[in-house]
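In what follows, chain A forms one complex with chain B and a second complex with chain C.
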Partner chain A sequence: MSGDTIDWITVLIAVFGGAIRVGTPFLFVSLGECLTEKSGRINLGLEGNLIMGAMAGYGVAWISGSPWLGVLAAGATGVLLGFVHALLCQQPRVNDIAVGIALMILGTGLAFFLGKPLIQPSAPHLPALHLGDWSDNPALRAALEINVLFIVGVILAPAMAWFFRSTRWGLAIRTVGESDDAARAMGLHVNGVRMLATMAGGFLAGVGGAFLSLYYPGGWSEGLSSGQGLMAVALVIFARWDPVRCLYASLLFGGAGALGPSLQSVGVTWGYYLFNAAPYVLTLALMIAASSTRVRSGMPGSLAAR
Partner chain B sequence: MSTPHALALQAINVSKRFGALQALDQVSLKLRQGSIHALLGENGAGKSTLVKCIVGFYTPDDGEVLLGERQQAIGNPRDAHELGIGMVYQHFTLIPNMSVLENLVLARPHLPAVIDWKKERQAIAERMQSMPFQLPLDASVNHLAAGEKQKLEIVKQLLLGVKVLILDEPTSVLTPDEADEVLGRIREMTRAAGLSVLIITHKFREVMTYADDVTVLRRGKFAGSAEVAGVDIRQLAEMMVGSEFSQTALARAAVAEQPLKLGIDALSVADDSGMSAVHALSLQVKAGEIVGIAGVSGNGQRELVEALAGQRPPSGGTIRVMGETYSGRRRELLRHGFHCLPEEPLRNASVPRMSVAENLAFRHYDQRPFSLYGLLRRSRMAAAAVQAIADFKVRPPLPNAPIGDLSGGNVQRAILARELGEQPNVLVVANPCFGLDFTAVTEIHARIMAARNAGAAVLLVSEDLDEILELADRIHVMSGGRLVYETTPAAADPIVMGRHMAGHGETAHAD
Partner chain C sequence: MDKKMSKQHDTPVNPKRRTTLKGLAGLGLGIFAGGFGIREASAAIKKVTMGFLYVGPRDDYGYNQAHFEGKSAIAKQSWVKAVDQENVPETIAVQKAMESMINLDGAQVIFPTSFGYFDPHILKIAPKYPDVMFLHCGGLYDASKHPKNVGSYFGYIDEAVYVSGIVAGHASKTGKLGYIAAIPIPQVLRNINNFTMAARSVNPKITVQVVFTGGWSNPVKEAESANSLIDQGVDVLTCHVDSPKVVVETAEKRGVYSCGYHADQSKLAPKGFLTGAEWNWSKVYLDYATLISKGTKIPNLVRGGFKEGLVKSSPYGKVVSAKARAHADKVRAQFMKGDFVVYKGPIKDNTGKVVIARGKEYGQTDIWLESMDWLVEGVVGRTKG
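== the complex of A and B ==
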């Protein structure tokens, strides 16, 4: 009886730790997507950015020996892909969804191609803070091993909310996202603002990719990402374009993703694949819930207008 | 009036071309310091284009703008702001998902990199005291009524300290009372604060009451300019259309057979947020009659029309057309000859990026002659469109242009051409004349009357009481989602109706 209880606590702790570990890439990609969408553009290519970021980050970390240089390199590839996305989208009659899908495939393919030599070598990992050293419960210690990037993300989410609310640049992005005409009447450079927002969003997605290869699950392989970049789009809708809610939603998705492995770790072997499907089921459920008109409040006007 | 020669702003020989269309051809205009200058012209005459050239939203192909006596290069609206020129666009440029305060702050040209909301709010609240209109700073613009939005647009410009204010059809979406309030206050400001105002309007009454000077455009060309004191409405109308202008009264024919064509029974409809907007409304419209629904906007009219058009599922009750239950399906529309002209046709009744010809073919695109064995025949569509465009005087007459590029009035005409191109059985019309020039209004009224005389059952939902009094055979007043009062044009007392519209009628009139 008591053995049972302990198992469930272990599962909870593992899900909690997993929520943070699995949720961090979600957090970065969704913040990036949130930033991009606030400017009135959807970038489905962030999945491509994520994988490119993972590959480039791993490669640079391996060559330079510094995981942080890897993170920067991952961000830089994201900026580059974001730039291409923005450049293509601002051409007349070009659809951002189509461009996004094309760039997702391009990014993934390119990463697999360039990343072939990176499968063997091992690059230095990003450091983690051991916040659980006071405890002698190994599960709790493992769960409280928190990566620095997660902490950056936790600070970034409210910072971004503040940025949208209280800075000139943030307001400019929101204005452009709400209405092209209003922005133009205000003398804002609509395409320029969208370009910068898409590039910055790409940077964040790239950093999310670096987390995948340089921390968890770590290493470079073609199966590294399991669609986090795409799910982040659903997550942003669920978060109603609010960065702080993106944080909560990422943890929720992360937790769902950690469910399968956590249960397995305590010996629940049945339904492993079923539990692994949890994030996808969650995505589907959220998309259905989000298509009701009431949830659309908060949606940037230029996205709602089409 | 101040010295007659001091000019606040001058446009000289401005030209602008959009593709094949010469929208403006060598147009000049002089705005005197401290005056109100009205800009008149038919739909598509180029009024909006002219003022957009003045504020740098468009770059004119030719011509120049003088501010005071000096020539000024105005490259974009921001330059115009720096020079003290502010514009309220025909289509609102407020940001709906932001608050009134955010919208006001955002408009300022030199925003600090980080905004101190506490300080901004205090500063604006203080300056608001001296503004002609008061607005709730924390309300989301989404939730403001049309009149309040217009006031907000104007306050936004005034807070910027503009010296020249350009208003593009500020009164089209206002009730006459609201229009009088807005224009009266603006007139005070021109007298007291030396503001100079250029205003576009279609309403002669407003020109005669509030403007000092008037300039008329006709099909992109300058057609005349005068002091208002020296002209009458007739002369202005003739300048606008370029020919002798005669007003013919609408002929209301008696219709012998009057079977019931549209029956609405206990219809309830919810609005976007799920709140009930129309409560168990019942109404009958017979062949050969126009039933008018008067009321202030936002009392459920839009939801009612959307339910009739099939855009919004009712939450209760039934609609019967020609005796059969009706649910707004396409097949039913065609079988029963049900036609609808909703308000804001660009949004509700057309696909802006599709061509005029395609939009005109929406009712019958999948039938002969537009379609044969499942294939569309575009040449037939284009030919039919050319005919419809000519019949309904859509300008410019380009069937292949995207309908979204037409001026507001011409979109209205094009949709009217689609819905009235064949005799309807049941016709539902909502605010058909918003933003239309007087020739278009006369013509649309005549066509609605003709449809009635030919046996259509017409439901006319309008915020313009004069329009309802002119057209309707029976009148209902709608307030709070219910029909609260019924009368006829002959018996109608505007004061009683106004009270019912405002929701202060005595006991609700049962029908």
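== the complex of A and C ==
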């Protein structure tokens, strides 16, 4: 329980490293959800995409020997689930929340069923960039072992913000998300745009799953996701539908997840239940904060309308 | 239906035949099941049918795999028919699974292996099938309260954990060991304490850093704990979670040693794996099967450690020194003889309080040890969050 400065620096490093390691799946799922919600639809099924992606990615990486093929397979699985979601939701009087929950359960169950033979084998992992080789501190070196997928995510967040702001397609998605009528008046195919946005969002969530099984913590097991897919949905609200804020929020959630273990490992032995629950407490706090009207400012119109 | 059938047969009859009849009457499976039943009954009267239920996947490199390996070992015997079901939640689902094993497969003995299956599920189903034995893995059975056809079996795996602690104590250069545990319940604390005392018997300066993850299966938190501990200079990791796979793999990736738990994880860490504490359920299950086939009454309570063959150590890894092997083998031999007492005073807890006074000792079977709520000197951690 000694409070020397060195200990606190290691906690900071661990939280920083954890933010990146634990935060990456949040980042991909929240970017995917952001894209889908911008088009005016909520896909709660991304938890299912995440788990299916983790399973499919691991399986394909194991069979093919290439982790990158695994990532692609994970994304493709996500696209497929996104397609099913969009297809069901564009039928009259179908509620997207209910479909999302159904797909979440379907995805999870299917992944458990198909993933049975994948628990034992060891698939190749995604490579990491060793950005900390200059440092003598092993903790810092470990924290700076950064996976390529995280870097892709970091680039993707501002790119997506730019896409929404400055491209025709981005405008089309935003219009569809704001108002069906306005979009139709502009000659946009509302269901088509939503379908594409949901499929692309599903792709990203699937890739997030591949990060879990092919990099951190690595391996396929049925307890792999502890609700990251669902928390990422809450995170989008916190980020006010802004992809760059999704990045910050993911890092915050990732860091919160790393806080419990790292505090205990330096000898802060009190309150571990509280610190372990930090990400969930954070989710709850964000939900309360998000229910204030001020936050709704960034909300796509057709989501706010219900 | 089942209750009525049971009452009609108060005298012992061939249990195989009865359960088959029951299944037949209850489910109306008709000619197929009837033919099956007759063939079986006449072919081998002593054939034993055993049913196993696991709470998680069969191949989790952990708790459930240990039971599955036990089941697979006895299934090789020609006179044993072993049926199993994995991923059975601790809900009414386990009652249905048990009943179907009894009614459809004719199981004479059921092994519901998860802690939470006992109350209320086993207690509810057991009175309905007085000729079927329900043997629960864990310490919840109480002869004064529970039905006669219920029993329990459990191993003193902390003996094997003690041996792991010896090997870990020899391997560590930094003098810092890491223990990733789910929640601070007595069984977990006892393992941590054994590991710590064993390591400190090698080098009294050793400390064991504990991280409680708050759940039995949370791979991300386990990986994060492993990384944080390694960042702190821990060079041997072990754990008490359902599947040690993530911890052992992370240790290997970061180049530190690891000790396994539940099952054999040596394949996951060819470089840094030292040894591990394993259950030896195949021995227990085979003993039960032999008793049933002979028609002997099954004991309601089975306990034991190394001596009784209920636990074992994983094979030593390549990196384990000859000195460490000799020391660990010596301690194991003492456990085999049954004269090794781990909890021998004076023992202080990690707040400095004397918990076991000089001259006092608690043997392996002492019930006092089963309510352990303290961590021994040398552990960095707290039992209350």
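Everything below uses one rule, namely that the second predicted complex is superposed on the first by the 296 of 306 C-alpha atoms of A that agree within 3 Å, B and C clash if a C-alpha of one lies under 4 Å from a C-alpha of the other, contacts with A are read in each partner's own complex, and residues count from 1 in each chain.
Convention: contacts are C-beta pairs under 8 Å (C-beta built on N, C-alpha and C of every residue); 3 or more make two chains touch, one makes a residue touch a chain.
None of these values were measured; they are calculated from a predicted model.
In the three-chain model built by superposing on chain A, chain B and chain C fit together without any clash.
In the superposition on chain A, contact of A:A182 is made with chain B only, not with chain C.
When both complexes are overlaid on chain A, the residue A:W8 reaches neither chain B nor chain C. By the touch criterion defined above, A:R174 reaches chain B but does not reach chain C.
In the superposition on chain A, A:T269 makes contact with chain C only, while chain B stays out of contact range.
Looking at the shared chain after the overlay, A:P217 reaches chain C, while chain B stays out of its contact range.
In the superposition on chain A, contact is made by A:A258 with chain C only, not with chain B.
The partner of chain A that touches more of its residues, comparing chain B with chain C, is C.
Once the two complexes are overlaid on the shared chain, A:V22 sits against chain C while remaining clear of chain B.
The gap separating chain B from chain C in the superposed three-chain model is 35 Å, by closest C-alpha atoms. Note for the complex: chain A touches chain B at residues 165-169, 171, 174-175, 178-179, 181-182, 184-187, 293-294, 298, 300-301.
Interface of chain A with chain C (complex): residues 10, 13-14, 17-18, 21-22, 112, 116, 119-120, 122, 138-139, 142-143, 212, 216-219, 221-224, 226, 228, 257-258, 260-262, 264-267, 269-274, 276-277.
Interface residues of chain C, counted against chain A in their complex, comprise 56-57, 59-61, 87, 178, 209-215, 217-225, 227-232, 234, 242-243, 245-246, 249-250, 254, 268, 380-382, 385.
Within the complex formed with chain A, the chain B residues making contact are 57, 76-79, 81, 87, 89, 91, 93-98, 102, 105-107, 109, 111-117, 272-274.
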